[in-house]
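Shared between the two complexes below is subunit A, which pairs with subunit B and subunit C, respectively.
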Partner chain A sequence: MMVKFRPYVLTLFALLLSGCVHEGLRGTGDMGLVIERTDGSILIVDHSVGKSLGRIEGLGDLSHASAVYSRDERYAYIFGRDGGLTKVDILTRKIVGRVIQGGNSIGGAISQDGSLVAVSNYKPGGVKVFDSKTLDLVADVPAKEAGETKGSKTVGLVDAPGNKFVYGLYDAGEIWSLDFSKGRTPKITKYRDTGTQPYDGLITPEGRYYISGLFGEDGLSLLDLWHTDKGVKRILGGYGKGEKALPVYKMPHLEGWAVADDLAFLPAIGRHELLVVNRRTWEEVGRVPIHGQPVFAMGQPDGRYIWVNFALPHNDTIQVIDVETLKVIKTLKPGKGVLHMEFTPRGDKVWMSVRDANRVDIYDTSTFERLGHFEAKRPSGIFFTNRAHKIGL
Partner chain B sequence: MKIFCLSSRTWLCVAILSLALFAPVSAKAELSDERKSELAYFLEQDCGSCHGLTRQGGLGSPLTPETVAETDDETLFDVIMNGIPGTPMPSWKPLFSQDEVHYLIKLIRKGKDYDG
Partner chain C sequence: MMVKFRPYVLTLFALLLSGCVHEGLRGTGDMGLVIERTDGSILIVDHSVGKSLGRIEGLGDLSHASAVYSRDERYAYIFGRDGGLTKVDILTRKIVGRVIQGGNSIGGAISQDGSLVAVSNYKPGGVKVFDSKTLDLVADVPAKEAGETKGSKTVGLVDAPGNKFVYGLYDAGEIWSLDFSKGRTPKITKYRDTGTQPYDGLITPEGRYYISGLFGEDGLSLLDLWHTDKGVKRILGGYGKGEKALPVYKMPHLEGWAVADDLAFLPAIGRHELLVVNRRTWEEVGRVPIHGQPVFAMGQPDGRYIWVNFALPHNDTIQVIDVETLKVIKTLKPGKGVLHMEFTPRGDKVWMSVRDANRVDIYDTSTFERLGHFEAKRPSGIFFTNRAHKIGL
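So, the complex of A and B:
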């Protein structure tokens, strides 16, 4: 049977439908979240319009909080300092799962296949792994040997190809890997004597090299995940030889892996320098003197510039380094407490949290001009959803 | 004349007012209220980076009143001023005066809920 609609009825339908699409459906590829560290809340943001869409509260102690995304870019997993793992639906802006999985945690990762979320703990130490859908516990791997009472703090937890997680043991000076490729009981591989006090770690964007930053010695440790039989080797050993180390008022973070051409840029510990390394030989090829102790050194997505923020008392400053000349080409002063930066996926803009000003600033990466800002309560980490498809983020 | 009738009360007010006015001045000779609130903020946010915003610990030890109860002021002062070699606890001497460190210790002992 044919149903005939009058034209105005069709128009009404069309209007209703377009209204629904506008209100009800949207992609998440230009969304993200901003941690509000003091209040235990997050802002859900849209980086196409440069705005906050709303706040979600009740996430606990969010000092040093970080986040990863489900591969559909809909759910964020937020790792709080108090051991809370919170799963948030960024579309409905609701908490859909929360477990207190440890006493004191420091970050996490999502597996290559998206099915597992791992959390790295300071107390009681070790790593716990959860089902990403239900947040049910899948594996609990204490960072201690049989007979030991105290577990090591775990740091620098990343995902690696082959459904693995790799992390460092701060107290033991080791690197461990958990292989979940054969099911939900991981195969644990332990690399011993990999350097004193690894404070953070990173994996190169293709997922081949895992690097531990060391606090207890000048240098870093490198594990080639394609050739694990070769063990862990030290790189940049003694980069501060003969120099008195400067105080480190905030630990650098290696998550913002800065790679451009054949070069990688790493924050030095106790020096006001970025170390420049050749990515094939892992030899030092230069140093860039900068304004203070670097915290994050992050490569702009096009690889042309490296953006750096600093520890106290220089945390009001951002410097931009030109990869071709290895020189600082711009010094910005967004305000006190610039804690984190995040680039839009193709790098047209960079967002930065200015904690003490309760503000998130948005800069144009080609002109270095501030394009806009919005209010956030003591903002720290900024995490856009495109991280969902990047190894190690 | 009425004013003079109230004079004793007025003088009392003046006395109280002057006390109130002078109090911050004498406090300023030690630490200004502004500096005190900066220090409280610093303790929460920047010490909090390693010791946790709730001071339950992190990379650094817990800093709750209970956990520092057994440690005397002198030791805390030494740790803040000189750091703990071989650990990430740096020397804060370049950033704070002795009085400021004493004030930070006072805040640590009062605990997180004390708002400065």
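So, the complex of A and C:
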């Protein structure tokens, strides 16, 4: 049997073939994703044009979800609240891998060399480490000692130089580090008695200092990864809910710590303040009165301003603080439920999720004007691909 | 007339069409280029696999060439010594634009928003600014006043926050800034009497301080871009060839300034030393004796080590300095003509060009072992795409 064609059909085929070779070809340095928390979906975005390129669905429970990127900035690893780890190809906008690796996970990290993705779990606790290409399990590190039945929740998981992961044990009050520099069986180092109920952690931008926020006591724990023999020391004893035990509507995110010049800006817990901390001495050097209970305090890439969002009932507001004068220089009202902000890599723009307006807003960081916006379903976290190039994100 | 086919031909067409859609698709976050200085060619490289992906020829005179990247990390702009500005698509590995914009150019920069590429010229002097998409001329800013016939050489051109470019005028001894924040006609600000014969410049990583190296006198000039009303001040009066007028085999590159913690490491001129400078006071706080006259002093991304290469007759050597002890902890001998180094974005590896061996070497920054190498013709500058996300590079 034969099939008949008019010649123009062939021409059409030929054109398609010649044209399609570069179909979809693009750089990935100006891309990112926006978490749509209630629909289990994400938007793939382009921050050069300030638009969404398309939606990917089927990522499970994305309330409180976060993401990291492969070193080539092509693949995103999304950590869902349901223990799902989903690998997404942002170029083809397809899910290329998904594992339910725990019962309730709270975030993850990618190793310095890009080969490993680690996830910290509330249930069953512990940390699981996966091959970043295949999502095959590489290491399963329960957060318990031999003989113990119940594992500890793990929190504040970050990557560190030397292919390490560092995290806190909520129930045990410890900090553990996994060293994968010698291969795929980690060297585990355990720091005991590092503070009651670490609820979050961060690592400074160069990857030297790991800091645990403590829920069970005031103050924070500081581990100098260049001198781990010196152990963990307490800093900022006044940091916490304090004697007055204020109502805390939302514990601040330590990842949000803004570091500018030799100062760090830390969201106070419960108080309408930012703490200003000297990064050399780790002592408090000032406080900035602000509009509400801070959630994220994020430093503009040029180090000049700190942008802050707030917990209920003030989560419709953003304030901008000048690093030199330590004064609020701008108050914006994007709308109810400003959950997260992300700066373009060199800081000319900042994006923010306005959950209740189902909108992502884009602001100019020099004029504070809104440049544009687009629709998103209950947007929360925004993650641009340049995170792939940063330590501890 | 009709053309007849057997069905399998159609299937073949269908397969081709479905398959080719993702032809060549890849992330660009782990890519880069290596300048082949004597052949007018570049290698496109992948730092995940540590290999060259292919060569692009026809870029003119690439002695002393440098490159910047578009904000999507797809296009490289290469500044040739012959005044050529070449735009290369690193995905298709093709030249997509080339203009001879001056007689003898010395480098360039891309604006914070990615829309403008600026080039500084020795001949005829001045700065030309181009549209980053089309390479159409946007602004031509001669480095001379009305009535003057001869323009000044321009040097040390960098981008700065607020869509600015900043550079030095070698002959006039001035620093000029072009502000493109209000559109495509720049607001020009001229800082007079900023030191004799600025030969190079740099901007600190956050984009606040612009520093000119001076050939005509000892010391450097510092401009605080947050407080330009305070004018330019001299720093490090002892920095320069000094009274002993040492022979200088190669003026060090200021772009190489390593900034780690609150210290900056500056290649001494003519001396076998690194100067250690306090970044708050801009005063010298120490000197590190090293193997030869330093050319680049580059900070490892984790801020722990400084890597230094040297001028003739010591350009076969690399030394690594510990930021805490200020001691040389490692001396490597990759081969004759180690011209440049580039760290992978999160610092697990460092690449170096070994010109006379026609080789690029890749070292592990934690073990100092050579992990791999590949052939390159007389390689010099190495530029990875993550530069697209940085201020002042």
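By our rule, the second predicted complex is superposed on the first by the 364 of 393 C-alpha atoms of A that agree within 3 Å, B and C clash if a C-alpha of one lies under 4 Å from a C-alpha of the other, contacts with A are read in each partner's own complex, and residues count from 1 in each chain.
Just so we're on the same page, contacts are C-beta pairs under 8 Å (C-beta built on N, C-alpha and C of every residue); 3 or more make two chains touch, one makes a residue touch a chain.
The structure displayed is predicted, hence computed values, not measured ones.
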Based on the superposed arrangement, let me know which partner A:96 touches: subunit B (first), subunit C (second), both, or neither?
neither
Can A:112 be said to touch subunit B (first), subunit C (second), both, or neither?
second
In the overlay, answer first, second, both or neither for which of subunit B and subunit C A:216 touches.
first
Is A:366 touching the first partner subunit B, the second partner subunit C, both, or neither of them?
second
Touch check for A:208: first (subunit B), second (subunit C), both, or neither?
second
Could you say whether A:188 touches subunit B, subunit C, both of them, or neither, answering first, second, both or neither?
neither
In the complex, subunit A touches subunit B at residues 37-38, 61-64, 81-82, 103-104, 106, 122-123, 153, 170, 197, 199, 215-216, 247-251, 312-313, 337, 355-356, 378
Along subunit C, where are the residues that touch subunit A in the complex?
1-7, 10, 13, 16-17, 20-31, 48, 69-75, 91-92, 112-114, 161-163, 181, 206-208, 226, 260-262, 280, 301-304, 324, 345-348, 366, 385-386, 388-391
Interfacial residue positions of subunit B with respect to subunit A in the complex
41, 44-46, 48-50, 52-54, 56-59, 83, 86, 88, 90-92, 94-95
